[in-house]
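Below: the structure, in structure tokens.
Lettered A, B, C and D in written order, each chain numbered from 1.
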Amino acid sequence: MTDMTTTYVNLAPSRAEKFRQRVLPMILFALALAVIPLFGPSRTTLTLMNHMGINIVFALSFNMLLGRAGMLSFGHAVYLGLGGYFCVHVMNWIAAGSGIWGAVPVFSMPAFGFAAGALAGAVIGWPSCRRAGTPFAMISLGVAELVAAAGFMFDSLFGGEMGISADRMGGHEFLGLTLGPLEDVYWYIAFWTFVGVVGMYAFTRTPLGKLSEATRDNPERVEFVGYNPQRVRYLVFIFAGAFAGLAGGMSAVQDEIFTPENLSLVPSGAILIAAYVGGIRYFTGPIMGAIVMTYMGSNLSDYTAGWLLYLGLMFVGVVMFVPDGIAGVVYGTWDIISGGKFREVAGSWAIRLLGLALMAVSTITLVEVAFRWSDGYGEVFEPFGLALHHGSLLTWIVVVVPFALGALLLRQAARAENEVTT
Amino acid sequence: MTGEALQLIDLKKSFGPAKIIQGVNLQIEKGERHAIIGPNGAGKSTLFNLISGRFLPTSGEIWLNGDKISGKKPFEINRMGLSRSFQVSNIFTNMTVRENVRCGVLYSMGYGYSFWRNIGNLREVSEKTAAILEDVGLIDKAHLPATLLPYADQRTLEIAITIAGGAEVILLDEPTAGMSHSETDRAVALIEKASHGKTLLIVEHDMGVVFNLADRISVLVYGEIIATGTPEEIRGDPKVREAYLGEEVEEGVPA
Amino acid sequence: MRSTRTAVLAAAVSAIAVTAAHADTIKMAFIDPLSGAMASSGEPALQSFMLAAEHINANGGVNGDDIEIVPYDNKVSPKESLVQLQKAIDSGARYILQGNGSSVASAIIEAVSKHNARNPGEEVLFFNYAAVTPAFTNEACSFWHFRFDAHTDMKMNAITDWVAKRDDIKKVYIIGQDYVHGEAVAAAAVAQLKEKRPDIEIVGNELHPLAKVKDFTPYVQKIISSGADAVITGNWGQDMTLLVKAAADAGQKIPYLTFYGGSNGAVAALGEGAIDTLYQVSEGVTNLDASPEQYAMIEEYKQRFPQYDYYYDRAFTTLEMFDAAAEKAGSVEPIAVAKAMEGLEVQAAYGPATMRAEDHQLQQNLFVTTVAKDQKYGVDNTDLGWRLVDGGAISAEAASTPTTCKMERPE
Amino acid sequence: METVVFALLNGVIYGLLLFMLSSGLTLIFSMMGVLNFAHASFYMLGAYFAYTLMEGSNFWIALFIAPVLVGLAGMVVERYGLRKVHARGHVAELLFTFGLAYLIDEVVKIFWGRTAVNYKVPELLDFPLFTLYGAQYPAYRIFILLVAILMLVALWYLLRRTRAGLIIQAALTHPHMVGHLGHNVPMIFMMVFGAGCALAGLAGVIGGNYFITDPAMAVQMGPIVFVVVVVGGLGSLEGAFIAAMLIGLLQTSAVSINASLADIFGFLGLAGTSEVGGITIASMAPMLPFLLLVLVLMVRPTGLMGDREV
């Protein structure tokens, strides 16, 4: 028994390692959340960050399915929507102040969203989790279509097209937060984002969380170690629904309105893209994806009419060339730098960056010129004082030459890196 | 009948018109090490799949420790104390070696679908996992992702997952297939140690391993058991020599 | 959108040069879809507002200040609209322009009311130019919201007025999308027809799911079997075009009275099948009699934005009324402008327009028109254009409906 | 009676059109295991290509050239896109086609604008063929019927009577075996993907002017095509045919049923004035395929005719 204990100590990470790997990132995350308001962000920034917080929780909950359990869902917004709708109703009950509702703080909304999301997951997951793989993906699509249609049919629950709105200041103060000013809402979102992130991280450390990964890798083998993979998927699905509902509760307070559009395939597709671009194989991937995509979704459209095309290109590019997403790139880079191999790869990296930049120049020029040509207002794309008209030779030089050059450089960089690794 | 760990009664399995298992009767005593041999295509893997619940029998019954298990699902059978390995390594590829074994340990230790416990704090689970890794000799590679293991180690891990749950009846499907001589010797030693005091049913092509390990041997040909007995009896059985061993002697390797 | 902005601004540079004395600009945030499929509704509206602003600025501006229309793309998402709204407010916009989608409008009305309550002294006004849910100027009315388009019930009033005049219409079929808007249209049609022409039989009243039907032939078959003389529908988008197309394919030549027949691309999609089948009710079409200035404006629009047609006349009315209100109030502060706007009357292109004080609903003439060949102005770059039908001019008084609005006004 | 006749006629035409779309998707899925999310986008491309070709030539030329162009586009997508993600499994492939659908949508908007284009029925076919119960029946619909049946026969002939068809058949039943036949598998994949897309393109050519050619047509048609192939059984052409017909007929006939839920479940005490009770079968018609999808997959995960659970 004694040597067993010693091996046990050897195997498990040491206290210091545990602290460095698990606790420290959480402390840093909490610190970052706490420090942000010191910079005096504008209300626009606060609104954007609040939406980032909501999307971080939402993307992580989506990744409980796709990244952790191998279940591709095209309808995850259903659970955020149902959780959020429930919270909006609860907020209205609070504002009406009847019965015990008057005592419930609006601050606790995400807990209600969590419960509603779990319930929705339990009900809808029962039929849909009996299948995995493509049938599951298709069922999720079908269910999403049905729920979104129901959203328009049942006015008393979903408020029809106009949706249902509520007032976040309807309840009494909690922790000194009236939830009126956006600064208050920021603290609320920060708190619940932290709870959501820690909660979902903790989930990966439970037996069920581990089994969900095992089921993703090899559902058949799971059966032969005593687990029912359908049950594993179903339970994970309920939790994913619950955390999506938590995000719904956060959203209900931030935006104070829910519309049937929140249940539709559009937000489901958006969160799929965010999680994937962030990197579904890493716990932090969807967090990065949510931050980047929320920012781009709200701000890219200020700069170009082609933002949807850019997002699409980016998504396809990630699927094709960077399957581990932003997180994969970040951690890969970090590994190389911390492994002291930076010098070896610096050359090929520089080539690669240059290649990417050239490709970007070419793509952006093509897209911008194409959009202006398509609009037909005779407007000309004028970066850096260059007049790039769709008919001019210069434009096509700016499109073709950097593209060819960039492709060449990227190929060379790939070859160089192959040599380093082999 | 009390001493029987596993009992197959007139077991049949057909895929469409093809009758793969045609009426198998077999009793395996508790603590017995039983090997099944036979040419390729005789239905050995199908038999394993029937016993472990992966396939449903067309007719016939299977009893485990006095309970009927035919018709039950694999995970139910596993929980009743029967565990199996696979011919082709069937492990959790994206997890580490330690996590692989831990998945095998969890259910039997009562942590089922628990989502309120931190797996790192489950001391018994960690100890049991470490003990198994130590036993099978993978302790040094505990933190490697399973995909990065060399082939023989993956086979070992396969066995480790199979025995991790502490099942009383263990089914091993060609555990040494594709291993070198020294690797095979190590695997046999491991199997002997791991199956100590347990009931073992093994399918194996390596006759050295079979005759070394088994208390009794059954010969399966075209879905039927043509002989069962001690290694000596089987060696001397003319039917077996004709149907199986003879072939092998002439052609070297079973076709 | 950006390209649009620069396109208009390029021309506006000269105007600014002339009126360089104007130091201040009044920012108006245009929050509507400017990318994706719905951009075809947002873009022409943005262009209309920009053109209108350009003309006002060229004529001396609003109390000497210039209007600047700043576009924000909301992707027709209510949530995204709230992000863009915050962005707009922070960038100094005190006036919000929006119209596409009652869900977005409802979100903005709510958000603006809350913002104004939580940030006194920083009030924002919402000019709604196209979201037509009646509730916005009835039970859900708000002091901070002004609507420049006739709402569903008013448009239905115009339709039923016209139907009432047509003695040959004895049977009416009502079909709509299965959500609040479709239900409201159906309810209004039934109630108004019963009152104006009790002898008319409603031979069908049917809802179908929103944007899910691909083949309307079975619906049209039901309509034909019912023997209807006219069809009333609140459908928009594909649901409207596909419905009318299926009717045209079946050789049906009865009026399909729509709210959104004038949307971009509808006539192009239907081709000649639209003639005398597709009807719409609106605050004006280009082929109505108008002043030479109006014709000049229509032509300038078409020349500048060849992809679209002059459609959003109410955009011009909106800014004209804002200009007049600011002048009357002597200020461009939202509260003062809002109060000045109440009860204000301006002369719009196709008749007088009055902002009713009690509910902030613009009262204006409405016109029932249909598609015909060889008109002065075609649409969708075809030779088909809108023509006023007999008895199709409905006065503002006739189109008006009472309101249930109980407005809370700031001191 | 008249409703039955119309429901049958229109249901069959709609079903055949659905089958045209889903047959290509099924072919692709059977061979490659890829559920092509962008399939409806190729349908849209077919309609737009035909519209543009019609401006320079006529409908009949477009009818043949446009599907070929769509097929070529499909081959390019397979060769330079899908093949790169193939090694990473089906989810990566599904996601690739998901992103591709976004891209095609945007590119179509750049080239043809954001609103509908006037893609007209050819004048030769623009006349009422006969009058049925007071409604004229457009000749073009019968033309769709003929083209669809022709395609059905051609597909059947190709699969049952030609060498290429035999290889494809072999691949349908034994997807892992094709490689052993000594055939150039990547080449076959590329051809099959191209052919599948061309079929979708053909559906676009004849469906684009039957319905409306605008940038939303892919999004509108996409989900229903998935429903067809999944309900029919992934990888089964017969299943796709049956499911397409079933959904075509179901949708068109449900429209003519005015009964509400209260009428049907009234015995349970459901009132016609309540929100649920007031829903009519007709208003639910377009949702029925999705309901069918969920039900079929719960009861029979392989679909109606499929034998593979993916």
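One rule holds for everything that comes next: a contact is a pair of C-beta atoms (placed from the backbone, for glycine too) under 8 Å apart; a residue touches a chain by one contact, two chains touch by 3 or more.
The chain list, named the UniProt way, goes like this: A, D = Branched-chain amino acid ABC transporter permease; B = ATP-binding cassette domain-containing protein; C = ABC transporter substrate-binding protein.
Since this is a predicted model, take the numbers as computed values, not measurements.
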Which chains sit in contact with both members of the pair chain B and chain D?
A
Chain whose average C-alpha position is farthest from chain B's own
C
So the centre of each chain is just the mean of its C-alpha atoms; given that, what is the distance between chain A and chain B in Å?
43
Which whole number of Å gives the spacing of the CA centres of chain C and chain D?
36
Where the CA atoms of chain B average out and where those of chain C average out, how many Å apart are those spots?
74
Touching two or more other chains in chain C are residues 39, 178, 209, 212, 307
Multi-partner residues of chain D (at least 2 other chains)
105, 109, 113, 283, 287
Any chance you could list the residues of chain A touching two or more other chains?
149, 153, 155, 306, 308, 371
Can you give me every chain pair that touches, using the contact definition above?
A-B, A-C, A-D, C-D
Where on chain D is chain C touching in the complex?
2-3, 6-7, 10, 14, 105, 109, 113-118, 120, 128, 131, 133-138, 140-141, 211-216, 219-221, 224, 251-253, 255-256, 258, 280, 282-287
Interface residues, chain A side, partner chain D - complex
66, 70, 72, 127-128, 130-131, 133-135, 137-139, 141-143, 145-146, 149, 153-156, 265, 269, 272-273, 276, 306, 308-309, 311-313, 315-316, 319-321, 323, 370-371, 373-374
Provide the residue numbers of chain C that touch chain A in the complex, in ascending order.
1-4, 6-7, 10, 34-36, 39, 72-73, 75-80, 82-84, 86-87, 89-91, 101-103, 106-107, 110-111, 114, 118, 133, 135, 178-181, 183, 209-210, 212, 304-307
Of all residues in chain A, those that touch chain C in their complex
42-44, 47-48, 51, 149, 152-153, 155, 160-163, 165, 167, 169, 180-182, 251, 255-257, 259-262, 266, 297-298, 301-308, 371-372, 375-379
In the complex, chain C residues that touch chain D:
37, 39-40, 43, 178, 206-209, 211-215, 217-222, 224-225, 237-238, 241-242, 245, 249-252, 264-266, 268-269, 271, 307, 380, 382
